[in-house]
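In the two complexes below, subunit A is the common chain; its partner is subunit B in one and subunit C in the other.
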Partner chain A sequence: MQSDVSLGPSRPFAGTLAFLWTEVLVQGNERMAMLTSMVVPGIILVFVLILNPSLFSIALVGAIVFSTFTMGQRVLNEAAYLRIDHKANDMYLAGPMMPEAYFLGMSVGILVIYLTPTIFLGILATFVVPLHLDVGLLLLAVAATVWLFAASTGYVFSTFFRDNRAIWAYSSLFFNVFGVLMPVFYPLGLFPAALRPIALLLPPSAAAALVQAAIGTTTLTSGEVILAVAGLAVETVGVFLFAIYWARRTVREA
Partner chain B sequence: MSGEALRSVDLRKIYESRGTAPVEALSGVSMEVRRGERVALLGRNGAGKTTFLKIASTLLRPTSGSVEVFGVDIARSPEKARPYIAVVPQEGKPFFHLSPREQIYTYLRARGFTRETAKARTEDSIERMGLESCADRLSVTLSGGQRQRTMVATVIATEAPLLFLDEPTIGMDPFARREVWASLRSLTQKGSTILLTTHYLDEAEVLSHRLYIVEQGRVLSSGTADDLKRSVGGTLKVQMPEGAAQVDRFRSFGHCVVDGKVLTVILEPDTLGELMDIAVKAQLMATVGPVTLEEAFLRAVGRSIDAE
Partner chain C sequence: MATVAEEFPNVPLRGRALPAFGVVGWRWISRNPAVAITPVLLPFIFLYFLSLISPPSLLPLEIVGAMLFTMQNIGSWTLGDSAFWRIECSLQDMFVASPLSRIRYLFGIAFSNLIAMLPALAVLLVLLSYVGAQHGYPFTPLAALALFAGLFTLWILFSSIGIAISSRIKTQREIWPVGNLTFTILGMLSPLYYPLSALPPLWQDVARFLPTTYAALLVQGALGITPATPLQMVFYASLLALCALVGLTITLRLYKWGES
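For the complex of A and B:
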């Protein structure tokens, strides 16, 4: 017989704002972490400035894309840490808060806190890169898309681990290979021609290539533009929808 | 209207993983918890208590059988059951970079409470759990007991209709444990139902209306603490620190347990005088006390181990 206790199922995304605020407070109390997020892009920018200042504007665009991409690494680490070490999933998800709210709240909370270094890079870019309104909007759009892709990927990956030690190695490998090795900080033209389609299919390098093309430092054929835009959009929407499905699916262990 | 907050029927759980033999954690557990009850699950490590709690709290899929929470089948509609429940997970920790006050408040907000209600319940819970002195310190700086109190305070503040507490007082000092007991009693008086696991038998006895003893995924016995104690075979226990060697002289009085040199005899009061005469003649020191839940637990689980 159904209960007379007057509680209904929660609405989708119920609890997102509250968990976002939780994550902002948690991350905000770890100020050093915010500074460390600048280390890799900062060092690369200094190297570029010393070795080839003419590439600085490209590297700066790359740093903005990279900084949004590595937020996915923070989502991965945070989601796994909270699930494995704190059992926060058990506490939060065995309740009316929806799983997708947990994922989104955490992701946006991390974005809010770590956006400060990205904004700093963006302000710097207005002085260094010829950022007209259209290019600025393009940079904003691709950075947001890369963030959504990375945060969704990070959350999904986080559910596969049972030990935080394993995560450090894999997450570092994943985010550095796709965020540093690929043509994000350097022009797509310097990347082997045969591998260009791969670079244009991977969200961080596709995003960087589109902005490089918009500021005139890289030439893309119309086919390559379509490949980069479609790849970025389809992959991001696909991974985001999958992350929502996966967040719901993984509340209960098998 | 269902009078049960939770009912499980023939619940089974088999953990399967590649390369290792399947492990049957639950082998047909049936139990019910009535509204407003405090029920404890007792069992050795690995007996299946946490597995049961995880399934009942919608965090683990059962292999077969069913669990209903307030009449909602948790396998079919976990999202409908979740608003009714709140969980203190085993070995859970509060967010290290939140203070207890922030932790409780944000958790309540995440569960959909208004600002005013969340604030009021946060302050109430902090007070009830004696966390006033550390309410604004980051949890990373708190002791293990204070962190555990924060976890319990967070979940208690929800006043959810059904609370699952997996070893809620682990690591707490005796004073803190009593504060938790008082809070849990007060919650059930308000209408909440509590299912908890604990290794503290005194806690299970003073706190629970009923108990289930679980071993190797099966319910061995259940009832009130008094029911379980009666099942031991007597209401008194006589302990003789040097009596083990003379166990045969006492077998006729009741159930005898030998542990090293110590002999414990469980018996009824009417035969106590006779036993004490024999002990005095044999120059054995003896102490008399009431049978505790520990004897009942050891007896029930011991029988099960002997039967293997």
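For the complex of A and C:
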């Protein structure tokens, strides 16, 4: 008997919307997880408010960048959980839907749900930070870029784990080093001068530095601006393309 | 009816649970470098951030806070381990069927997670002695006693909170958010990284119901960071013990062991 269902190769990104909507429905039930996405930015904002209120506007902008960055941690946890615990990705990817659609659909689905706390921070920022239209657009652009970088990195990392138990330690280290140690919540000027190029080459701190410069709390030379913009763009595009390649490759190997 | 000992005379009914769990803890960190490094580095990442944004005089207080917070976080790790073993590995059923009691199981997991935190606590202790001496807060025997009493109490209490919550968790997906939310919020509500007086009045009132607050006040008082009379120190120690006792009573009632 001949089947009417074609299981041949599909077009690239086929099934993105299906994965996106599935993830929206799944994450929509994870209210507790949504709350936890605000824990670290919330704590740091409280620290700043109590210990040095003059830095609150910078920390708030940093919290917006950080909240989009930590969506990568959600992608990492979710992709690992679906693969290891549910074995669901084997089933998904045995169908005509494409592996890059799985990665991108899941990432956008997580973005849709976890955007609520980020929007809340954005509304708060309009009262505290001088956010003109150009600064607002810049913040939006860099936050979106940081999200793409983090989601791609999170997905690639998720493929390396064999059990869920070890994820927490590695992801905490990665996201805290990039997001808390680096000048995301505090001005670039407080970071050691010799290490500033490193901070400008890492997407979260580069994004924060560009916004800090736009609102006038940090001064960047033209060379530093170029370094931050180029680092942000090149690394994000590079990691995104690698995540697509890696998604396809890991399916082939399985 | 024959007892287990009579029916299975060759099955050991006694064992050294604590060293066994200690080996589990050691194997866990020795096989996963990030698991050993993360608890050491995380407090320092936050301390570095705090040292940049706060007055340098608060550094000894922040180091004490990092030590207490690290110890409190063992609860989150205990939660994660016991839930993972029960849900993913179905190990708890085996422990329930064995002569191991639920209290020894709790201490075993708490001990195995303490091993992962010991390097961080040791480094923070050396840092506290050095920075404290520089700021005029020497690490006296009284300070050491208060610090170890506070750390020990938080270790027992928060491990039991972790295991009690874990026994109610149904899926692995809940482990990380529940643990993160519970232990981070409990830690942040207490004046670990800032003086109690720096908090708004309502927050201070809430903080006074938490054991971590009295552990922090006790150690800060013993070091001389926050001035306290001997009577106040006894008061803080008593409230810490009382809060811990109430907390332990509640959590042990919530802690589900077997099917009953």
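Operating definition for what follows: the second predicted complex is superposed on the first by the 245 of 254 C-alpha atoms of A that agree within 3 Å, B and C clash if a C-alpha of one lies under 4 Å from a C-alpha of the other, contacts with A are read in each partner's own complex, and residues count from 1 in each chain.
One rule holds for everything that comes next: contacts are C-beta pairs under 8 Å (C-beta built on N, C-alpha and C of every residue); 3 or more make two chains touch, one makes a residue touch a chain.
Remember, it's a predicted structure, so these values are computed and weren't measured experimentally.
Look at A:19: by the touch rule set out above, it reaches subunit B but stays clear of subunit C. Contact with neither subunit B nor subunit C is seen for A:162 once the two complexes are overlaid on the shared chain.
When both complexes are overlaid on chain A, the residue A:173 reaches subunit C alone and has no touch with subunit B.
Contact with both subunit B and subunit C is seen for A:85 once the two complexes are overlaid on the shared chain.
When the two complexes are overlaid on their common chain A, residue A:95 makes contact with subunit B while staying clear of subunit C. In the superposition on chain A, A:30 makes contact with both subunit B and subunit C.
In the superposition on chain A, contact of A:50 is made with subunit C only, not with subunit B.
In the superposition on chain A, subunit A positions 30, 85 are in contact with subunit B in one complex as well as with subunit C in the other. Considering their complex, residues 32, 34-35, 37-38, 41-42, 45-46, 48-50, 52-55, 58, 80-81, 84, 88, 172-178, 180-181, 184-185, 188, 193-194, 198-199 of subunit C touch subunit A.
Against subunit C, in their complex, subunit A makes its touches with residues 30, 32-33, 35-36, 39-40, 43-44, 46-48, 50-52, 55, 77, 81, 85, 163-166, 168-170, 172-173, 176-177, 180-181, 185-186, 190.
Partner subunit A is touched in their complex by these residues of subunit B: 1-2, 54, 57-61, 70-72, 77-80, 82-98, 102, 106-107, 109-112, 138, 151, 154-155, 158, 160-161, 164.
Only residues 1-5, 7-10, 14-15, 18-19, 21-22, 25-27, 29-30, 82, 85-98, 101, 105, 251-254 of subunit A touch subunit B when the two sit together in their complex.
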